[in-house]
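All remarks here apply to the structure that follows.
Chain naming follows the written order as A, B and C, and within any one chain the residues start at number 1.
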């Protein structure tokens, strides 16, 4: 626990909103549409429902023992060796997620804005930014998120308003026209793009729990999920008959361009997308911070700066030399590796909740009840 | 006399001091003072008073009583203290056989008249400004806060300058821990001289190397009085008209004293304009370069063609062009500050009109570049205290916008926000009340609520008395 | 200096060095962040045209560029090149002009009459999937000439704007005159179960201007020899009120104005325009032509496959505003016809007109077996269970029985 440098409930809600809407807008819809067809939105619904389940576990753990971090719980319940192994697997999962997120950023700028992005050079500022987040207290990330959330929310709402007119729900019919098999295949193929709650484990033990913590968390998740579904449904309905024409990245922005109608007004919607992209940067920074803290837990020697540098170097090598195009990212993320890594998303939050239930006594914060009574501190 | 010799022995040239031998009640005595820093009229009166001092058993106390009609007196046995008094403009009376020395305040030197400060002109509200004399400055505050809780702690800082530094606060409002911290930081200063209040800033800031100042600076006593009422501490330095206030939040640079002398709606509108100006000043040139160079699909077709016409034939790339125009602006600005008034007008015309207009006509720079840079430069001055910081940031964002487009601009903006959010001053977040969000303080941030509703002191700054108004305030 | 301060100073120096090195690398890299040429070195394309030739495809385009010294005026340049394919032709244009093309601002694609007999889907698929043309770009068909000629003539239409054709099409997208179609809509409808779509037809003709004679009837030698004096060849739009029908991406028929009007009633986006009732007679009194403005329109197409019998119902709810309300006043004043009677008569008149137009259009569609209404697709989507039991869907559209309902409201 970082004493005096925790994030507030409001900041946690903001971070949750930003990390939820971050990816799933560019690569994922195109991939799902190609693989599953127009019923692909069901894949998203299923995975988002799973995310609500993991969120519940996380909230139970956070509220019951607000002073225990992810690493505290693992160390206290599994011992030094096993906890390091679990964290190691988590780091691998986070690495793959980070690669997917950097891929999203690259695609966005490659297709929407630049013709040919020199990613080997331009990823460096992104890693530097993530490193800056990682070496600072979580409070700084929370405050930054609190500051940009209203702007990102406003930009996303404007984009949603532009897209709403392009919604053609009829094109999604017939419901499960090709059967349940493509949807099942999609659910099993794309889990690596989901599991956003995992990154929120970074904040366990560092949240100042206050009134509205649970309600705020769920509300944030619901709003972000609705926005994602709107974006996806608009895309799927527009390209339902021509899913083979879909490409990575540009599709949702093509839809806003379509609704804007005229070239005379310019693509001002791209500026709103840029504001939305801040959420992707925050998510990437949160992932990176968790990676750095996890490596710090595994290898206790060395300063935060050194760990951040090493992790950034590793991520640079992976993003630039190993997975240097979108296809390789997709192939890796959908390979059988996912079966090994993805359980982190569901098993770890559940494990943390069970471990804290067994290991610790509840330590609810004193919250005033009606009538001036305080809740019991067992 | 021996003690006089002890006092003056360390002076490089003690001859400039006046050492006058006296006879006080049939005892040998001496008067030592610096004629450059004392009032000659008071010296004459002092001499008369000393002459008339005829006591059977003369003591320092009796001497002090006799001369008290001339000026304030105090007694000391300490040679160091006596020396410091002489250096500060006091006179010392030493009498053989009397252990204590009498210090008489005969200080007088020319000082500037109280006038409207050039850095904070207003259309409504008080126009008094601080001057270089700490005593006058304190009196300006004391006139506004006539309360026994008004506390002044004087410290001396600087081995050579021995500058008086006054820590001022309201004891019934301020958090005592803040006062202790300020006092400790000032006491830790061990330098030769404090010439201006700015010399104290690095010691008062948590991050002295930061681009952003973390202490408030103002020349107006009404602003300082308002800040003291919010639970802040003010530091007044003798010889400097700029008073420092701590803790400091970024939003303070976008608030003007006039905001509280106008209606809330107008004040809110002006504050919003200032905040928008902040974005224009930093981001406009960088955004222009990024859009023109990389993302022209964002620009509407007709405007794009206008820009294309304007930049057609310009030999410089957009980023070089904007940087060149910024350089021109900064040269003109710096020269206009330093040049003699006699040639100021003519050179301004040469700089602005000839350089700017001719360069556009010659096809070296384009008119959109001049317009963007001019707008950005004007926007800088809505927050004069931030002018230097924003100028540097403007150049940085132009560079990153030109080299990496929107992508690097976004990374830069996020990094800047992260940096600002991680700054704290005396435990107060720099970006309060936005990050962390403090709803109660939002009523006096980007917008201002009516004075009738500002009944609580800001929560961002710890204080011991949250209520500004009484229970029956405004009730008829 | 205390140790903490010293390490901070060292760290700041490292940051400064790293940032400076990064800036230098970025500034002096042979290929910068984007490697893009500056905007003034690119050709902004606003209109693209596709024609078929013996040796491949001819791609024509309108490039806009600023006119020097004209304070914001633009000039439009007609450019083009031949290639084995559309992508090859685009490349040839770039080679020919020596500048890269900026297609992101292209809002109009014209298909020339030389493409008749061939499916345009492949070419349009390429343009959209490659990201070269935005999905919202409008499509036009040129029935009487090639796309190249249409583009050349359209460039002479007006100097007022940089994008006159696109503006013209965008105006018509909400007008009840003729429906417009975007690239994504065309491809989506072609790939649907109905396999049919349409494109509005644009016809432009040259308007020759005669030279001036020199007073007194006398003609000088140059005039006698027939030489023109003064005046350039100007162009005018002859028609943009008909549709070309496409099935599986190939043009199968042309709708005339009436048929187009009938189809336009079913287009959800065409909601404004003037509607004329040719003749109105009430209580034996003839009031001649009645004009109304269409203010709002709601159109629904519902399909059914009950008992494997395909039926479709087209329901139109239109809100009209009187253009010549003086006739209502005259009717009451001079002929004793009340406002209510008049309105009822006008409403019935328009209902009949609309039903007649739509049914005429539908019969024509059946004749050409081109289901641009999307009836079969509707049955597939809304009556899926029955649809999949059908053995033969080829003549499904032809066998569909249509009913019509029109509700007219006045304000």
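One rule holds for everything that comes next: a contact is a pair of C-beta atoms (placed from the backbone, for glycine too) under 8 Å apart; a residue touches a chain by one contact, two chains touch by 3 or more.
Bear in mind that the values here come from a model prediction, so they are computed numbers and not experimental data.
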| item | value |
| --- | --- |
| Comparison of B-C and A-B by number of C-beta pairs in contact, larger one | A-B |
| Chain centroid nearest the full-protein CA centroid | A |
| Between subunit C and subunit A, distance of the C-alpha-averaged centres to the nearest whole Å | 41 |
| For subunit B paired with subunit C, centre-to-centre distance based on mean C-alpha positions, whole Å | 64 |
| Computed distance of Cα centres, subunit B from subunit A, in Å | 45 |
| Sequence positions of subunit B contacting 2 or more other chains | 294, 297, 301-302, 304, 404-405, 407-408 |
| Subunit C, residues touching no fewer than two other chains | 26, 32-34, 36, 46, 104-105, 163 |
| Multi-partner residues of subunit A (at least 2 other chains) | 113-114, 117, 122, 125, 128, 263-264, 267 |
| Footprint of subunit B on subunit A - complex, ascending | 8, 10-11, 105, 109, 113-114, 117, 122, 125-126, 128-129, 132-133, 136-137, 139-144, 146-148, 263-268, 270-271, 274, 277-278, 281-282 |
| Contacting residues of subunit B [partner subunit A, same complex] | 294-295, 297-304, 404-408, 410-415, 417-419, 421-422, 429, 431, 434-437 |
| Residues of subunit B touching subunit C in the complex | 209, 292-294, 296-297, 301-302, 304-309, 311-312, 317-318, 399, 403-405, 407-408 |
| Subunit C residues within the subunit B interface of the complex | 8-9, 12, 23, 26-27, 32-34, 36, 38-40, 44, 46, 64-68, 70-72, 74, 102, 104-105, 162-163 |
| Residue ranges of subunit C touching subunit A (in the complex, touch as defined) | 11, 18, 22, 25-26, 29, 31-36, 46, 104-107, 125, 128-129, 131, 134-136, 163, 166-167, 170, 173, 182, 184, 187-189, 191-192, 378, 380-382, 384 |
